[in-house]
Each structure stands twice: as C-alpha cells, then as structure tokens.
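In what follows, subunit A forms one complex with subunit B and a second complex with subunit C.
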Partner chain A sequence: MNQVVFTFITQNRDYILEEWMNLMKENADERLINVISNEMFVQTSAEYIDLIISNTRRNNEEFTYKLSEFAEKAVRLGWPLSFLIEGIHKFTLCVINGMVLKGQVTKDNQMEIIYDLDKWTSPMKQEIISTYTQTWEGTVSLQKIALQELSAPLIPVMEGITIMPLIGTIDTERAKQIMENLLTGAVKQRSEVVLIDITGVPVVDTMVAHHIIQAAEAVRLVGAKCMICGIRPEIAQTIVSLGINLNEIVTKNSLKKGIDAALELTNRKIAKVEE
Partner chain B sequence: MRIPILKLYDYLLVSIQWELDDATALGFQEDLLQKIHDTSANGVVIDLTSIDFIDSFIAKVLGDVLSMSKLMGAKVVITGIQPAVAITLIELGISLEGVMTALDLEKGLEKLQQELGE
Partner chain C sequence: MEFQSCVKIINEWDIVAARQLGRNVAKELGFGTVDQARITTAISELARNIYLYAGRGSVCIEKEYEHGKSGMKIIASDEGPGIQDIRKVMEDGYTTSGGLGAGLPGVKRLMDEFDIDSFPSKGTTITTIKWLR
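On to the complex of A and B.
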C-alpha cells in the first residue's frame, strides 16, 4: 500500500465518511434509505467505512471475521449487494477527490495512486461478494428448512381420525413429503380415517390431482381410509373439466362434513351433553 | 423355505417374515390355495409387517392369490403394509384394487369378522 494514500485515509477518516455518505445518499434508492432511520444509516455507514479502512492494516483474518458479521447485518437491513459494491467504488472516488483537493496528487504519481487503490479494493470487492452471497445462501437454506417443517403436518384429532391440512402450492418435492408424512403418520397413530384438507391449495391441476390420488391410494394400502375435504367450487370445476377421475375417493366440500363422515365410518357421533 | 399358514377358527393367518423370492411366492400361492381347500376357511389375513420391499412380480402374485382365494370363497385382508412399501407399490402403478387392507393383524381380523357378518 502506498504510504501517501495510507496516511491520507487514516488522517481524513471523518472527512471521507461525510463525503461518502453524501454521495451515497444522492445516488441511493429512496426506498433503501427510508427503511432505516438516519442515525442507523450513519452508524452503519461509519461501520462500513471503518471496515474498509481496517483492511489497510493488512490483518486479513480479523477483516474476514468483521466482514462476515457486517454482511449478516447488511442482509438483515435489506441493503443490496450492489449498494455495498457501489460503496467501495464511491469510497475510492472520495479518497481520490480528497487527495486532489489537498494537492497530493501530481501528474507523476496519479497513475500509481489509482493503480494502488484498485489493487487494494479489488480483492476486497471479491471478499464482500462472496461473504454476502454466503450469508444470503445461509438465510435461504434456513427458510427452506422452515418451509419444509411447515409443509405437511399431520394432526390427530380423535382416536383413529387424523387430518392433514394442506396450504399453498404443491410441487413434486412437496407431494413426496406429503405422501411420506401421511403414510408414516397414519401407521404410527393407527388412524382408521385420514382426511386431506385442500382448502388452502390455490390451484389443483392434473399434477396436483395425480399426487393426491396417489397419496389416497397409498393410504388405502396401509389399511386406512382416505378422504379429501375442502373442495371449493372452482376446484370442482377444474377437476371435472380436466377430466380427472376422482370417483374412487370420497370427497367432501368442507372439513366439517369430512369429520362428520369420518365419525360415521368409525361408528361414532358427537352428542350434546344433557344438563 | 415355506411360509407357515396357521388356522385360527374359520380363518387362516399368514405372516410373511422375510423377503419373498419368486419361487417362494409361487410355492406360497399353491400352499395357501390347498390349505383353503383343506380347511374350507372363510377368510385369510396376510400380514406384511416385516416386509419392507415388494417388487412388481411379488405384487402380481399377491394380487393373483387374492383373486384365486376369492374364487374359492375366502375373503382376504392384507395387513401391515409399510409406508415405504405402499409408496413403491403406488409408484409401480400397482394399487391392488378391490383388496381389503388393514393397519395390523388385530384390525384385519376385526374387518374380516365385520365383512363375514359374524
């Protein structure tokens, strides 16, 4: 690192920070600034600039650690990657402008200084990109796990009667999971009747219907009965107009009706307590 | 290796404990039909609890045994199909249509009793 640039940066930290923030605010998306308070913006910006400056001291391990911490924060604040990269670019610009103003850039050394800055910021950019993406990927995989946990719960409501409420679009992967949960759950809980509630499934196309039919047949094989509830009018329309044959499976229009039918199948009924 | 077939009152109980190979499956088919003939049983329970894999040939033999027994006047209930087996069967396109199934031996016997009206 060029000694001149290094001394300039360390000595004029506050000036650079101020210039940098003004520049960033000018260019940044309104939305970006509005999501966080002004103090928060100043504080985070200062942290970012400090982080960049700390890299001049060539302590790589510490920098990597701090950077991953900061990337997490940036992801949480919703700062896009382009903002951070733009930040480095603007930082270089501030440094050069500042040095020009102070008359430290001469015709002889200008190329040298620019090359030097570039050599210094390029690996930093790489590092920021990779850390940011890693943090982001971590978040995505966490969400995926959370989604999987939510995707196919099997709820025992009464002895021998279990319900699987399905909400959201069903794709092949999810259908597989539904089938597995449904069968293992039905066997584990010794269910006689299993109700699949599709009230929350927005679209039933041939693929979804196929998966549901398969699940229902598999349930029959393990020795339980399968019913499908929550068939909305538009779903009934699509099913028939697509020519899907659901004749083999008992279907009901609401979960309530389904539970009534399930009680009947298991020779039970709900009675009012006489007082 | 032959599969034991036990008589319990009017019913026959078969518990398949190990993976069937083709020869055993065919042997089992003959044995069972002979036994139904000898004992004039009304119902058969085939328990598959310990089986975790069924290929398409075995599934076909099972299906055949079922319809043959039906011809001889015995109702068949298959019990204890494992979830993994059910998934494989469905994926192979074998849905054993018209076959009675039950969760375990106990439920299977109950179902037979219900069906035979006893």
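On to the complex of A and C.
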C-alpha cells in the first residue's frame, strides 16, 4: 500500500465518510432509503467505511472474517449487493477527489495512486460478492432441502390402508418422487388401499392430473386400490371443463369419506365400544 | 388498457409465478373461487405449453373493460417452433408430448374468449379473456 494514500485515508476518515454518505445518498434508489432509517444509514455507513479502512492495516484473514460478518449484517438489513459495490467505487472516488483537493496528487504519481487503489479494492469487491452469493446459495439450498422434506410422505394409518397427503405445487421432479414413494411404500407396507389426498394442491391442470392418473394406474398394477380424495368443488369444475377423464379412478371429496370407503373395501368398520 | 403485468417463463417455477399473479389479479377484480380456479388453471396450461414446447416466452395479464363489463385478459406468447396444425391441437386427446392432450381445448372451455395466432418456426400467441359476471 502506497504510504501517501494510506496516511491520507487514515487521517481523513471523517471527511471521507461525510463525502461518501452524500454521494451514496444522491445515488441510492428509493427502495433502500425507505428500508432503513437515517441513523441506521449513518451508523452502518461508518461501519462500512471503517471496515474498508481497516483493510489497509489488518492482515488478510482478520479482514475476511470481519467482512463476512458485515456482509451477513448487510444481507439481514436488506442492503442490495449493488449498493455495497457502488460503495467501494464511490470510496475510491472520494479518496482521489480529497487527495486532489489537498494537492497530493501530482502528474507523476497519479497513475500510481489510481493503480494502487484499484489493486487494494479489487479483492475487497471479490470478497463481498462471494460472501453475498454464498449466503444466497446457502439459503436457496436449505429451502430446497426443506421443500424436499415435505414433498411426498406416505403414511400408514391402519393395516392395509395408506395415505399420501399432497400439499403445494406439483412439478415434474416432485411428480417423480410421488410416484416412487407411492410404489415402494405401497409394496413395503402391503397396502390394499392407497388414498391420495389433494386438498392442499392449489391448481390441478392437465399435467398434475396426468401424473395423478399415472400414479393411480401404477398403484393398481402393484395390486392395490387407489383413491383420490379431497377434490374441492372448484377443482371438480375445472377438471370437468378441461375434459379430463377420471372415470377409472374412485374419487371422494374428503379424506374422511375416503377412509370410510377404504374400510368398507377391506371389510371393516369403525364401531363404538359398548360398555 | 389500464393495467398490464408480465411474467417471463424460463423455468418450471415461473409457471407458479404466472399462476400466482393471475390469481391475485382475479381476486382483485372480484372473481369467485370457481372462476379463480378456472383462470389459474388456464394460465397454468398456457405457461406450461410455453415451457414444454417453446422453452421460453411470457405470460401477460391485463384488466379489460368493454361495454360496461370488466374482465381479465391473458396473453401467452413465445417465439418457439409454432403450431403445425391448429385444428388438430384444438381436438381433445391430441398430444405430441405424451400428456393428456386436454390443454388447449381445455383452456378454451375454461375461458370465455379464445384466440390463437401461430406461425411455424416464428412463434405462437394465445389471447384469452374471462369476463366477470
């Protein structure tokens, strides 16, 4: 790090911070200004500038740790990535402007100073971007796992009767999983009747219907009976309008009716115990 | 035209986004639950067709006002391979992807107005309206 630049930055921290905040406020989009209060903005800005400055002194590892801590905070506050990157750019601008004002930049050393600042800020930008994307990627992959966990459970409720409650949107990947779980589970649990409950499926279009029909057909092939429960009135109407043929499959409007029918199919019924 | 918003269809989850947008607008316009289900299902079919056959495209939603009645217009457009035989795709049970073949004729039955514009290797635009009763 160039000694001239270094001393300038450390000596003029407050000036740089002031200038920087003005510049950033001019350019920041409304979204950001609305999200955070003024105090928060000043406080976090100071922290950010201090962090950038600290990069001149501390060793690299400590800086990386501090930076990732800050990036996490920024993500929580909802500061966009573009804002932080713009921040570094504006910081460089402030430093150069300040140095020009103080007459520290001459024709001979101007290239050197700019080059030096760039060499110093580039890794910082990289670090911020990678910390940010890592945080995002982490969130996305966690959500994906969470989604998979609630994908398609097969629940045995009574001997020979199994239920698969479906909740949420069914896409191709999930449809595959449903089919797999349904078949292996039905065989493993020696199900006689399998109930697929679609109360929680928001939209039944031709693709979803197609997958459900295929699943029911496959269940029939492994020797069990399949019933579709939880067909809401509006879903029934759209199925009719679409012209989807569900004649081959037994359908019920609620899971309760489905269980009743399943018990009947297996020659059982629920009775009250008499004292 | 007072209001328009579009959803780009690039991956499978964009279908859900288009559907969500459609449901919100339908609710805002005052459609009942049955019509909401019809509209979202129609959007789902159209968006899925874009995803399956064209790869990418967009679904736009407009509020329509005409002769004192209001409604919702869905425009699904892509620059995909186009439809070879429009008469055939409007037949029930015709499919090139192994599906049920109920998509487009189904959408026509779900909605009130249906218009299809397609040129081979140029793309397809489907415009459909549901009126509020």
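What we mean here is this: the second predicted complex is superposed on the first by the 171 of 275 C-alpha atoms of A that agree within 3 Å, B and C clash if a C-alpha of one lies under 4 Å from a C-alpha of the other, contacts with A are read in each partner's own complex, and residues count from 1 in each chain.
In the analysis below, a contact is a pair of C-beta atoms (placed from the backbone, for glycine too) under 8 Å apart; a residue touches a chain by one contact, two chains touch by 3 or more.
Here the structure is a predicted model, which is why all the values come from computation and not from measurement.
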Which partner chains sit in contact with A:Gln237 here, subunit B, subunit C, both or neither? Use first/second/both/neither. second
Pick one for A:His210: touches subunit B only (first), subunit C only (second), both, or neither. second
Figure out whether A:Val222 sits in contact with subunit B (first) or subunit C (second), or with both, or with neither. first
Counting only touches as set out at the top, which of subunit B and subunit C does A:Thr172 meet: first, second, both, neither? second
Who does A:Leu183 touch here: subunit B (first), subunit C (second), both, or neither? first
If we overlay the two complexes on their shared chain A, which of subunit B and subunit C does A:Met158 touch? Say first, second, both or neither. neither
With the two structures laid over each other on chain A, which partner does A:Pro202 touch: subunit B (first), subunit C (second), both, or neither? second
Doubly contacted residues of subunit A, that is, touched by subunit B and again by subunit C: none
Subunit B contact footprint on subunit A (complex, rising order): 179-180, 183-184, 186-187, 190-192, 214, 217-224
Could you pull out which subunit C residues touch subunit A in their complex? 12-13, 16, 19, 33-34, 36-38, 40-41, 44-45, 48, 92, 99-103, 105-106, 109-110
Residue numbers on subunit A that touch subunit C, as the complex places them: 169, 171-172, 202-207, 209-210, 213, 233-235, 237-238, 241-244
Within the complex, subunit A is touched by subunit B residues 78-83, 85-87, 89-91, 95-96, 101-104, 107-108
